[in-house]
Structures are given as structure tokens and as C-alpha cells.
Amino acid sequence: MSIYIDENTRVIVQGITGRQGSFHTGQMLSYGTNIVAGVSPGKGGQAVEGVPVFETAFEAVEKHAADASILFIPAPFARDAAYEALEAGIKILVLIPESIPLHDAMDIMAHARQKDAVVVGPNTFGLVSSGSSKIGIMPNRYFVPGPVGVVSRSGTLCYEIVGHLTEHGIGTTTVVGMGGDRVVGLHFIDVLKKFEEDPATETIILVGEIGGSAEEEAAAYITSSISKPVVAYLAGKSAPPGKRMGHAGAIIERGRGTFESKVEALNEAGVKVADLPTKVPPLIKDALAGK
Amino acid sequence: MSIYIDENTRVIVQGITGRQGSFHTGQMLSYGTNIVAGVSPGKGGQAVEGVPVFETAFEAVEKHAADASILFIPAPFARDAAYEALEAGIKILVLIPESIPLHDAMDIMAHARQKDAVVVGPNTFGLVSSGSSKIGIMPNRYFVPGPVGVVSRSGTLCYEIVGHLTEHGIGTTTVVGMGGDRVVGLHFIDVLKKFEEDPATETIILVGEIGGSAEEEAAAYITSSISKPVVAYLAGKSAPPGKRMGHAGAIIERGRGTFESKVEALNEAGVKVADLPTKVPPLIKDALAGK
Amino acid sequence: MKLYEHLGKELFARYDIPVPRSKLIESADQATGAVDELGEVVIKSQVLSGKRGKAGGIGFASSPDEAKKEAARIFDLEIDGLTTEKVLIEEKIKIEQELYLALTIDGSAHRPVVLASLDGGMDVEDVPEERMIRYPVDVTIGMQGYVIREICRRMGVTGDLRKELLKLLPKLYKMFRELDAELAEINPLALTPDGLIAADAKVTIDDDALYRHPDLPRISEKTALELKAEELDLAYVELGGDIAVMANGAGITMATLDMVQHYGGEPANFLDFGGGADLEKTSKSLELLLGTDPKVLLINIFGGITRCDVVAEAFVQVKQNKGIDLPVSFRLVGTNEAEGKQILEKEGIKTFASMDEAVRHAVQLSSES
Amino acid sequence: MKLYEHLGKELFARYDIPVPRSKLIESADQATGAVDELGEVVIKSQVLSGKRGKAGGIGFASSPDEAKKEAARIFDLEIDGLTTEKVLIEEKIKIEQELYLALTIDGSAHRPVVLASLDGGMDVEDVPEERMIRYPVDVTIGMQGYVIREICRRMGVTGDLRKELLKLLPKLYKMFRELDAELAEINPLALTPDGLIAADAKVTIDDDALYRHPDLPRISEKTALELKAEELDLAYVELGGDIAVMANGAGITMATLDMVQHYGGEPANFLDFGGGADLEKTSKSLELLLGTDPKVLLINIFGGITRCDVVAEAFVQVKQNKGIDLPVSFRLVGTNEAEGKQILEKEGIKTFASMDEAVRHAVQLSSES
């Protein structure tokens, strides 16, 4: 089982002819992802790793009935490309680029809501349904099938943790990178809900960090709606507090956002918080063993 | 049976304290419409015809769980009020005002699409489910229950035809005024579909006029999807042709839009077109009799 | 409100859309200097008609004499029933290809729609459907690059021309939206060695939105009487017959005219005084009609938002103040019908309940008088 | 990018949001003339901190002497660890009520959010939830009148104050959107006999959007080293310990620092050189770190989009060109791991597979050296 994507998901790559686009097209293909087409204006008719390239996302979707897209487009042009994908009918949109302006991200999310599409990212490594399909840039070898669902705000830290799991012989159902920006499409709650519904997911790892209130919101949701065991790791314990401009941030966060507040909220929700990445696999083993 | 609205539909009146708003609130109440609240900024706390007035549509919807709204708001402020209704959760929005700028109407329709709401008008008399609820400004006495569904582009002409029906003892299920503007929420096709699905509607009257291609589109839809008999009346046979600016209109219409084109299209779809409003009731009688 | 080509091009220029250098003249004499200034020129009648080209309203000149002669010819031309008041003289641009590009409103889609074709020019209406690209634009996000790339893909346009369109269309769309245009058409959109240039401009502004564009000129194609009606906020068109018709609502007014014609009469006008008019507006409408000196007056009221008592009172008021001494056929039903009838009956005026009867009576009266 | 109050107010003025008359000074001497010009004045330190008021960074004066004395006091003040470089002297406005009004981004809602309260001023964070109104704005339609009316309704605001907010909020929203602001806060928003006036301005611009605002000033709170890092497009923060840390990705960099501290070490910095950095960027990152003269270098690479061979090559290059003579703990796994290890092994450099081991080794090295 898998959430969001599986081996039947038909994927297009926007910006397929670029350095990263072409490299990761190869990586995704070798993972088994069903990449059906690429898009690169001015390069229609070419092929990358055997994948046909089209002028526009419309053309690619029209000719190959795609339902997901991954974007390798420079940040200043990402909003336009995201609109294009959504308008062409894409329902799962993975935004790899960093540094997309926040207002552009808000515009994208508003449009995706109109189109009933799921946006992953921006500034994400993507998502992977282990063993069947990956739409993202994560290293292939760590993502092997197993009973654990993982959702993470950060990328490399997530690989680190999934890597530890792999070393312990524990695989994953689906791993979702929410993305590191202030405005991202999926929140912990969205993914937790999917994991709760997914029969293959037995336990869940939540990888968070300081700042914002996503972890506290997740904790409240876990209390009310998640029956499966959840283990968390949070980065940023040692970080010095930043200087704040104005009061709006504090008003929005209402005392949330610190390492302590997050740990406390998660503990109250029955979530075990590991103090080192290496401590995650033992906690997961306990959870899987029903301890 | 009825489409769009019935006696349970909870209606608010935006602009209830104005001359037209208050007059038609009284008319609707006496028809039996379930008007639960009115909105008039700066006049919250007052009452009109016994209906409580609130500052904003949010407040009205929050306190009275309304699902429909009728707008009596001057054209320059209509878009803002329409957004407000949609944002507050209104799902049937009747726009009475004339002269709403076309670009404002497009904005309203785009937002309504996001909110899955039905917009009737602008520049409409509204709609009525005969005998149970009217959200509009049509004269009460002609709208008595019966087996005929009526959809019209124009207002008074529609009353004229429904009036003739009434004289002949024939009532209506639902009568919908699409509105006379170039950009209106409902098209013939939308309403025809509802009439086809409505078991109480045995036959349908379509009141059209020259210009645009709505009647031709309706004809094509009738051919493909409507099994019930349809009778039409079209205004504008004697109108002199207007002078056209540019070619875009003609490109969009593609030879449609004239009286002759519409009559021909409707006849081909098996629709009987009456040459005088007085000829509609006999045609309907034939249709009801299965002739 | 339709704009003359030269005004449309002024707006284009304001939005940074390239247009030819030009000079606007009001008499043929003013044409002579233009050639010195602009070189070879195109001379164009400024009429609000789509038939200008075919009607000979465009000429060419490469000498001052020729320019004057062509201008004189065009000033004398009647096009689509219109006379030429002004002529636009433009530099002749080097056209490599004529495109068609327009933004208009597609009521069926509730959206602005881009119309674009590589086959611009005079016969654009005959371009086969597959060579005329239509793209409805989502107003919530506007004219994004992807829209233009997709239009280009469907047209088969790549390279420099695509780049030019990527620059031009957002400007045209901005103008279209900001100025409340119903139509912004460029035909031909000329591809020249200097890029795309708008060789013509057909711009129509939404009348209902003019209130928020005080800076735009006001152009009217109306007669003096129609202008007077406009001031009163009435929809009025002169038609030339002898039965003056007054009704409430565009549809029923049209149907009334249809019926007058059906029974052999000749309507003098279209007058829709709208829904819910008050006493003053109703009186003014009546006075305007009486001023046109018709043989018969036909009033057809089906009151919904319009109240019969208000119409009746207005009629009595006008009758008492100004006198109404022509035959009248008066149909009055709907909201406050009883009150209306009572008011009229006091003055000895009878009304019909049926539109059919009222129209037939009016036609009868007109054939008698 | 945070803007100083006086810059924020310049932007407010550009968007027609009322601000007090003012004078910006760089030394206390310049304060004396201000009173003649502005009458009674408020004297405000221009520091990028929300704690200015409580730290005494605001003074008042009604005579030139007093103004100079207060300015001198404020120039000497350290606020939230920051020194005062400039002081803003403003006319003292007659405040009848202090409101709070802000636009910021609510990540949970994916939307801009209006924060508004009748209880503005210094302790606004403590205003009870029901007196602090939040309204998320739909970016597809923007700041419509109904939003403001609803906010007013929830605040219990009617009459003139509502009219003022109906004028002000659309301007603030326009600025917020057009300038890519993350925050546009007015606290207090002063209700005066002349209407609403922005008595303070806290504006933050999204760094990632600065490229489209070439007209905005560039303000940095960074140290010289951090500025150098910024030029290289690196996320770098000085922390003061002796173990220099280099990793790829913000989350893992944070986790590395946490782990260093967990095992008793002291990180010298936060340096995330990002995902997919090329040879040059990686080398420059290394050189920057070496320039800070740390005792130990800890490199923690988990290659996804980042390729291990590129990192290894960069390390070797820097070692050969500039020399690396401090103890290094190097962790290298992920994409092209084998190639990376091979490159390093040729130079006799060993790597760890485990982050835990690498960090413990680094802490060990730092305690030994």
C-alpha cells in the first residue's frame, strides 16, 4: 500500500533538460518511477533518458495522461510552471526548488486548492512510496519497503533517520518531505491522516524542527485522531534564539515554536521524542513490537 | 419537487434596508420564502419586515445557518458583496443588480467556481420554486405550482409567458431567470440539466433572445441530453442588426447569434418555437398531452 | 463604448504595446505634411466599423500630393452607413507576416478569452477553426507565461516570435483588465523586422464600468435623441416607424416590437425604461417619446420590480402638465395593478390586460390615424 | 530582510499610509533643530528589535536641549544586543487610542493574515485571544471591503474608525503583496483627531524575493563573515565554539550542532552549504570555514542531491591549494559515496559512515587539541 503515489502514477518532469532535471530523471527511472514525459519549452521533440520532451505541460499531459509532476525550474519561474501543471490537470505537484518567494508560494497554494491538487514542497526532497515510485531527489537505496511511514520538514536529516532504519532492517511505506519553507503545501496533519488510513503503515516517524507551530498542531491532531504509535525527532535544540521583528510572529505562534514547547506538546500526545537520530530505530522497534 | 431551492432554503437579503431590498423582502416573505436574516453594514440590530439585520454576511450566516442570498446592492459594490456572501458560505447567490461591470461579473463567477456555489444573474429577476420559495423580484401571483419548468434570459418577457400559462391554468415547477448580461452564472444548459433530472418537471419552456450563442448551445444540449419536450420563444425577430466592432465577436459566435440561426438550431433539436408569446400555452398543452 | 483606432492605439502606447508613428488629421489639407514627417504612409478612415478595409477606407501614399488625394477620397467615403470625421496617417511599416490577436469576453466560459491566429488580416472570420486558437484565461491568476507558451504551441510558433508574444500579451491583458475592455483586438498584428507592431486597434470599453475610468474619452454613436435618453439612463434606439413603444425590460420590449411588426405595424423606437423606475424617470421617458411626435403611443407594462401605480401616476402627471393628445394603447398588469388602474380610470383611461390585445389595438390606431 | 522603522515609514508613505512628520539623525547634535521644526517630539532608536520600547529606546522632548539630551541617551543605549546607529525624531501626535494592525504570513493557512486589535501598544503579545482578530486573506481576490467590515465587526468597530480602516487596509495589503513583505506591522496604529496614523513601522521583506525589488535598500544584520557567506549563497551563522561544522541541509546541520552539544562539544558555527552545491561552492565553503581558525573541522555529508564525489574533490582541491592542517572528522555517505571515498582515500583521508561516530570523533579531537 502507499499514499499519494504508487507504481501506476504517471509522472512528468518539468525542466527535464536541465542539469538536475536530467540527473534525477535517471535516478527516478532507475527507482522504478513511471516517468511518462518531460517538459522544456523550446526543446520539444528531444528525449532525456529515453523520456520524450514536450513544449508545454498541456501537451505532455494530453499525450501521456500524466497525473503527477516534479518541478526542476529556477525559483523565479517556478510559479508560472506550477500554474501550468495545475491548469494542465496535474493532481500531485512536487516543487523541488529552493528560494521560491513566499508570495509566489501562497499564490501556488491558492490555485492548487481551486484545482483540488496536492502540492509537496517547495524546497522539498519530494515523496516516495518505497519500492514502487519516488517523485523526488532522495537517494534511492535507503527507501526500501517496510511498515513505517515517515514525514519530515527537512531533507538530509530525514535521509539520516531513514538510513538508520535501513541499517536496522526496517523499511518504510511512504516517506514525505514537506519542504523547509514557511509556506508549503502539505502539513504534518495532512500526512498523518493518510498514514492513519493506510493499512500498510504500522507506525509513524515525524521529523520536525524548531520554529513555527507545525509540530504543536501535529501533536493536537495526534491526540484527537491518530491511533498508531508515533516517534519524533526534532532538530534545533542547541540553536540560539533569533531576533524577532515585531509581534505578529509571536501572536501567531502563541508561545509555540521553541524546542521545549514542541517536545512538551508531542510528549503530551503520547509521542516518544528521540534525543539523537540514532535513538529513533530502537523506539520504532519498540513500537512495532507493541511496547 | 424543485430544483436549486425549496421551502427549507434559508435565505439572507444583502442590502435589506434599501428601498428595493425592503420592498422585495416583504414580497418574498408573503410568497413563503424562508428569509432568515438581512445584511446592511452600519444597520446591524435593526429589523426589516421582522427580519433581523446584521452588519456582515458572516454574522448573518453564522447566526442563522443561511445557504442562499439575494443581493440588492448598487452595481459598484456588488462584487464585494458577492465575494462576502461566497466567503461566508452561501451556495446559491442571486444577483439582482443591473449594470455590474463585466470584469466584476467574471471575477464573481471565478470565485463562485472555487466555492462550488451557484450564481443566478446578474441582472436577473431571480428564481422561484413555485409554491415553496422565491428568491427574486418576480410578481408573486403568476408563480403557481404545475408541471412546467421555465428558464429565461429576460425578465418581464418571462412573466408575460408565465402569465399566459397561468391564464390557461398551467403552473410551473421552477422558473429561473438567467439574467440579461453577457456574463451570467447559469446558462440554459445548466438549468435544462436540472429540469431533465427533476421528476416533477414534465415539459420545459426556454425563453431566449437574439445575440450570443446560448440558444444554439442549448439546442445542441437538448439534442444530446434532454428527453422532455421543450417549447421556446425568442425575442428580437424585428431588431435591426447592430454595428460590430472587430471580428472577435463573430469568431466566438461563428455564425450563431441571429434570430434565424437560433430558430433553426432549436427546430433541428425538436424544439417548437412559438412566434408569439400567446402561442406558448397551446404548444405546452400539446406537449403535456403527449402530442 | 467603442474607441476609434487612434484612441485605441493611444491606449496601446500607454501600455507599452508598439504602434506605428502617426498623425491624426481632420481635413485632407492636413495630409500633405505627413509624408515629409513619416515617409511612405497608410491613410485610414477613423470610423467605428469592422468593414473599413473592404469598403475602401484605407489608402496608401508616398508623396504629399498622393496623400492629400487619398485623404480627400477617404473623407468623402461612407462606410457601413458612417461618415469619416477624422483620418489617421501612419508610417508604412514593413510587414513580414500578419497575425490576429484579440482579447474578448467569452460569456459561455465566464472568462476573458485570447483569440490568436497566424492568419491575420481582412478575412480573419473565415480562418478555419483549427487555425484560430482560443484560450480562456483564469482571472484569478491572469496572463501567465504558460498561457502564452501553450497558445504558441498550438499555433506552431517558436523562437523569436514566441518571445515577442511573451512580451506583448501580458501588456494587452493588463490593459484589457485595468480598462474594463470588452474587446481589445489587433488585426493585423504585424510582424516586422523590429518585432511585433499593432497595425490596427479595435478597443471597446464596458459602458457599465465607465464610471471608474474618468480619464477615458467619451465617444457616442448615438443620435441627439438617443443621447438625451442616455442622460436619463434609458435604453433607447430610434427605428423610424410611427408607433412609439414604451415597455419595461429589454426582452419584453423586443417582443413588443416583434409583435407590432407581426400585426403589420411599424415601431418608432425601442425604449426600455428599465425595472423599478421611479416617478420622475417614468415621466421623463414618456416626455421623451412624446417629443418624437409619433402617431400612436403603445405602453406595455408587466410590473414585477416596476410598480403599476408609479407608471399610472407618471402618465397622469405628464398628461396634466404637458398634455397627451395622441391615441394611446395602454397595457398594465403586475405589481400594484389595481392601484394603477384606479389612478388611470379616474382620468378616464382604459387599460388592457393582454399584451396581444394592446398591440393589436395600437396597430389598429396607427392604420386609422 | 528587516527594515528600520524610518525605512518602513518611507514605504508606508509611498503607499499613501499616513505617518508622522519626522527627521532622521545620526548624532545627538542634530537633534536640536528638530523641536523648532516639529514642535513636541518623540525620539526613537532605529534598531531592528521588538524590544525597543521596553528597553528605553524611546524618549520625549519639548525643548531643543531636552531633545539633544534624550537623543544622546538613546544613542548610548544597547537594545537586545544592538547599538543605535540612527535616531528618528518625530512630531508628537495626539493619540486618542492605540490600535494594533499587522499583515503577516500564516503558513498553516497558506495565506496572508490580518492581525488587528483595539489594544495596541507595548504589551500586545499579552492581549487575550478574543481581542486579537485574525483574518486570513484569499490572495486570489485580495483585500476586499468585506474583509475589513468583518474584521471591524469582530472588533466591535463602527462609524468613522471603520471608514478609516476601509481606506487604510487596502493600502497596507497592496504594499504587503507588491513588495513581497513577510511582515507589515503597525503598532501602535494611532487614532488621532486627524484620523489613523502609523506611529511605528515594522516591515520585513522576503529575502528570496529581493531580486525583484532592486529599488529597495539592502539591510543586513550580519557580521562581516556572515556577509561573505551570503555572497557565496551559504546559510552561515557564527556561534562561538571551536568545532567548525559543515553540512548539507538546514535540518541535518541543526541536528549536527545538537549532537555536538549533546556529546559535550562547542560548535563554532552553523553552515549549511545547501543541496546540490557544485565544486566551486563547496570549496569556497570550506575555505570560509578554515578562515575562522577553528580547532577541529567536522564535515557531515549525507548526499542526496549533493554528490559525495564533488564534496571529496573540493576537499582535496582546498587541501592541495591552501593546505588543511587542523584535525578533521569527515562523514560521507549517499549519492556517489564510493567515488567520493576513493578520491579521499587516495589522499589518505578516512571517512565515517556514521554521523554519530563522526561527531563523537570531532568532540574527542577538540578536547585533545
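Letters A, B, C and D name the chains as they come in the text, with residue numbers starting at 1 for each one.
Everything that follows uses one rule, which is that contacts are C-beta pairs under 8 Å (C-beta built on N, C-alpha and C of every residue); 3 or more make two chains touch, one makes a residue touch a chain.
Predicted model, so just to flag it, every value in this text is computed and none were measured.
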Give the chain pair, either A-D or B-D, that is connected by more C-beta contacts. A-D
Centre-to-centre on C-alpha atoms, which chain is most distant from chain A? C
Chain C to chain D, mean C-alpha position gap in Å, rounds to 55
Whole-Å gap separating chain A and chain D, where each centre is the average of the chain's CA atoms: 26
Separation of mean Cα positions, chain C and chain A [Å, integer]: 54
In chain A, which residues are in touch with two or more of the other chains? 107, 110-111, 113-114
Listing for chain D: what residues touch at least two other chains? 138, 140-141
For a test of understanding, state which residues of chain C touch chain D in their complex under the given definition. 140-141
Which positions of chain C touch chain A when the two form their complex? 138, 140-141, 144-146, 149-150, 152-153, 158-159
With touch defined as at the start, can you tell me which chain C residues reach chain B in the complex? 2, 48-50, 80-82, 100, 102-108, 110-113, 115, 124-125, 129, 132, 134, 138-140, 177, 180, 182-183, 185, 187, 202, 204, 206, 208-209, 211-212, 221, 239, 247-252, 254-255, 257-262, 267, 270, 274-276, 302-306, 333-335, 354-356
Where on chain A does chain D make contact in their complex? 20, 24, 75-76, 98-107, 109-111, 113-114, 125, 137-139, 152-160, 163, 180, 182-185, 187, 207, 209-210, 212-214, 217, 233, 235-240, 243-252, 254, 275-278
Residues of chain B touching chain D in the complex: 41-42, 44, 55-59, 77, 79-81, 83-84, 87, 107, 110-111, 114
